[in-house]
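Consider the two complexes below, in which chain A is the common component and chain B and chain C are the respective partners.
Then we have the complex of A and B:
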């Protein structure tokens, strides 16, 4: 598979009030494949949002850092700045702070309009983006009247209209109720599966991580685990040391194993737990 | 006697404008001292509007809010004292941090209460400890923190006032699992040590099921349910209709039951589930 994002020995530091440099990402290396659905987990302050901002060129790595390549473009190169921003779409936690207009259609056209696209191309992109997040009927609705999940899907559509190759979502469901959260996640999953969009999902919800292809666990600016969700969540000690937790179905089966129950240990979802428990009880 | 009571509490945003919106519609509830109340409901159901009434941040359009038996709007000039007694951690409180350092920000409430510098320092230290905020962060500007770090500082600021009722609006959104656990433990400890009532809004069914005594379910500005954890989470179909959910373990055992495997009712936490399965299997050994 083709690499679309690559960070090689990247360093990034913040400057504190006294002008001293505080390292956040240290010797950080990572490659992400085109079309993959990657989840980034990590304790508060582990450097997830910093990583996201480095990837779309909002932040520049330290002087002594290795390169960050987005689809082959070095983010350090000034002439790549616009292209990098265009390729990497960033969606944040709070939809209210991201919406800038009052009507759904205008909101989605806002970005591409600034690129100076002709009218019919604009229309086409708005249609596509609305379809992608399943909000076609809302085209003429007022943005302020939408529910949280709907607002967040419009924020995603606005980014999609810029035709990014990579979508990075920084805790996109933190402000949403269970229904809104599911709406956003299924829209994102569909984008990945049906359009092959490369997706990086930053989240604190372990059950969201369970449904991705690859889970990267960050701890103090470094990667402590990088594997499939099954492999990552089968290591409770590592998860605990990273300040994380297990998805509840996984926690249940791990506890049952500790109590001596002969149960399958690769459980991540409610469905898998139901299957594992019923299998165990039938075999007994 | 109830500590917080609302009587026919109604609130309308933008009354007599085209944007008029009834956010609370004749809400009648009462909450005792020492209770932990979990509030859930779809976005826009009125949760934030309701909790902002408890400390007098919003004045009812009609109806009353009583704290300790007294209508808090009887003497509007004294509303400030209600804000010290009923401590409210806003939804997204990090947007309200403003001081030069986190230390000063956490001390803002106690300073407003007119406490001595020594007492303020003591309270800031205690609140920071409870939220596991390290010393380096206390000296930093709140603007230079990650999302989760800001959240902890904001909660500490309210805790430092040592309120009689602690109200938290979605306190765990954006916190890492460790931080969520810290906040849940904090709620239980605060209730235990002070016998204060704690009211928290959450979208995490797991959190509500694990610590709440009673659950208030809001729907379109009205009280849909206000009952114990078992009485609320047994209404799975109704909750789904409201855009809500039940804890993942509860769902697992419900689905097992649909398949004819009845492990027992009332499973809301991982502990409950492990216990129920252990009992079932022991039972089988005896009978088998």
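Then we have the complex of A and C:
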């Protein structure tokens, strides 16, 4: 498969109040394939948001760092700045802090307007993006009257209207109730499946990670695991070392295994747990 | 307690006034405020009020919204009226408070006129903000002030700042409410004591509010950059500004109102 994002030996540090350089990412290398659905996990402060901001050029890597290539464009090149931001769409945690206007339609048009697109194209992009997040009937609504999940979907639509190649979501469901979470996640999954959008989902919810193609675990600015969800979550020690917890169904089966029950190890969802436990009970 | 303030909030429906050009609405609102101060007798204030009433009806925004807008400024209204009542001389003295302050017929009239003016002023600006989205408002202000670009003023940024400020009004009100409730839950007493004590009691609310506003601002700046915002250069607009017959009608009404006011002044 084609590589769309690549980081080669990237370093990033910030200057603290005393002028000392504090490294956040150290010799960080990663490649992401076009069309994949990748999840990034990590404890608070492990550098996930920093990674996201490096990928769309909001942050620049250190002088001694290797390159970050987005679809072949080096994020360090000043002339690529706008094109990199357009191709790598970034959605943040708090929908209230990323909405710029008060009307849904205008909000979605904000990005494309900045790209200087002609008016009929703007209208087309708005329609397309509203459809993608399934909010067509809200076109003329006030953004401040929407629910959290709806606001976040509008924020996503605002990014989609720029037709990005990669969608990065930095804890997009952290401020939402379960219903809002599901709305946002199903919209994102649909984008990945139906439009082949490359998605990077940063999250603290293990259940969300379980439903992706690839899970990357970060700790202190380094990757400590990078594999399928099944493979990553079958290593409880590694997950605990990174300051994370297992998805609850996985935790349950692991504990049962510890108690000596012969259960299938690779359980991620409630459905799989039910299947594995009933299989074991029947075999007894 | 703070939920009554909905000032400056766009109310998205389709109406005559909503479809007017933003620039015309701004200019007419300013004109109306000038008219209010030209109106020095009861008859002229009355025709101002009547014309305003027709515009309210043409907005299709519920009256409830306007009442909310007005409720927020009642204290200002009362204070201004009181000042005018007590500090205007002339006319016959109605009664005296102490040896210095006397209430006169002139005072009553001035106070009443001033209260009506402020009321109409608030309603007229509410008509503008209720029917014009902040984006359109921004674009209109930018367009009206564009001659100042020759003075090397960054009009686009100015207009953008204003629209973002309006956009954050409901968010910050909600936040104030949350902080107030959490401080009350910790035993903060916000509603008793003298003025100084009350102001002191507000500090634990203002400081977290300020901190959170700065955090929001930083996040919003990031989000805007992520959406390729780079100032006004090369930006296109979803909504184009175009004058229509509606603007013609509104301007005609205003010209007639002005003629009426001038005639009434002569009388």
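Convention: the second predicted complex is superposed on the first by the 284 of 284 C-alpha atoms of A that agree within 3 Å, B and C clash if a C-alpha of one lies under 4 Å from a C-alpha of the other, contacts with A are read in each partner's own complex, and residues count from 1 in each chain.
By our rule, a residue touches a chain if its C-beta (ideal position, glycine included) is under 8 Å from a C-beta of that chain, and two chains touch if they have at least 3 such contacts.
The model shown is predicted, which means the values in this text are computed figures rather than measured ones.
Chemist: Mind checking chain B and chain C on superposed chain A, clash or fit?
Modeler: Partners clash after overlay.
Chemist: After the superposition on A, what does A:248 contact: first (chain B), second (chain C), both or neither?
Modeler: Only chain B; A:248 stays clear of chain C.
Chemist: Just chain B (first), just chain C (second), both, or neither: which does A:278 touch?
Modeler: It touches chain B, and chain C stays clear.
Chemist: Touching A:90 in the superposition: chain B (first), chain C (second), both, neither?
Modeler: In the superposed model, A:90 contacts chain C only, not chain B.
Chemist: Starting from the residues of chain A touching chain B, keep only those that also touch chain C in the other complex, and list them.
Modeler: Overlap of chain B and chain C footprints on chain A: residues 94.
Chemist: Give every residue of chain B touching chain A within the complex, in rising order.
Modeler: Touch residues, chain B against chain A: 41-44, 92, 140-141, 144-149, 151-152, 170, 173-181, 203, 205-206, 243-245, 247-249, 251-252, 255-256, 259, 261, 270, 273-274, 277-278, 280-281, 284.
Chemist: What residues of chain A sit close enough to touch chain C in their complex?
Modeler: 53, 56, 58, 82, 85-86, 89-90, 92, 94, 96-103, 105-106, 109-119, 122-123, 126, 140-142, 144, 155, 158-159, 162
Chemist: Over in the complex, which chain C residues touch chain A? Could you list them?
Modeler: The touching residues are 9-12, 133-135, 163-164, 166-167, 170-171, 215-216, 219-220, 222-230, 234-240.
Chemist: Touching residues of chain A toward chain B in the complex: what are they?
Modeler: 14, 16-17, 42-45, 49, 93-94, 147-149, 171, 174-181, 204, 206-207, 243-245, 247-249, 251-252, 255-256, 259, 261, 270, 273-274, 277-278, 281, 284
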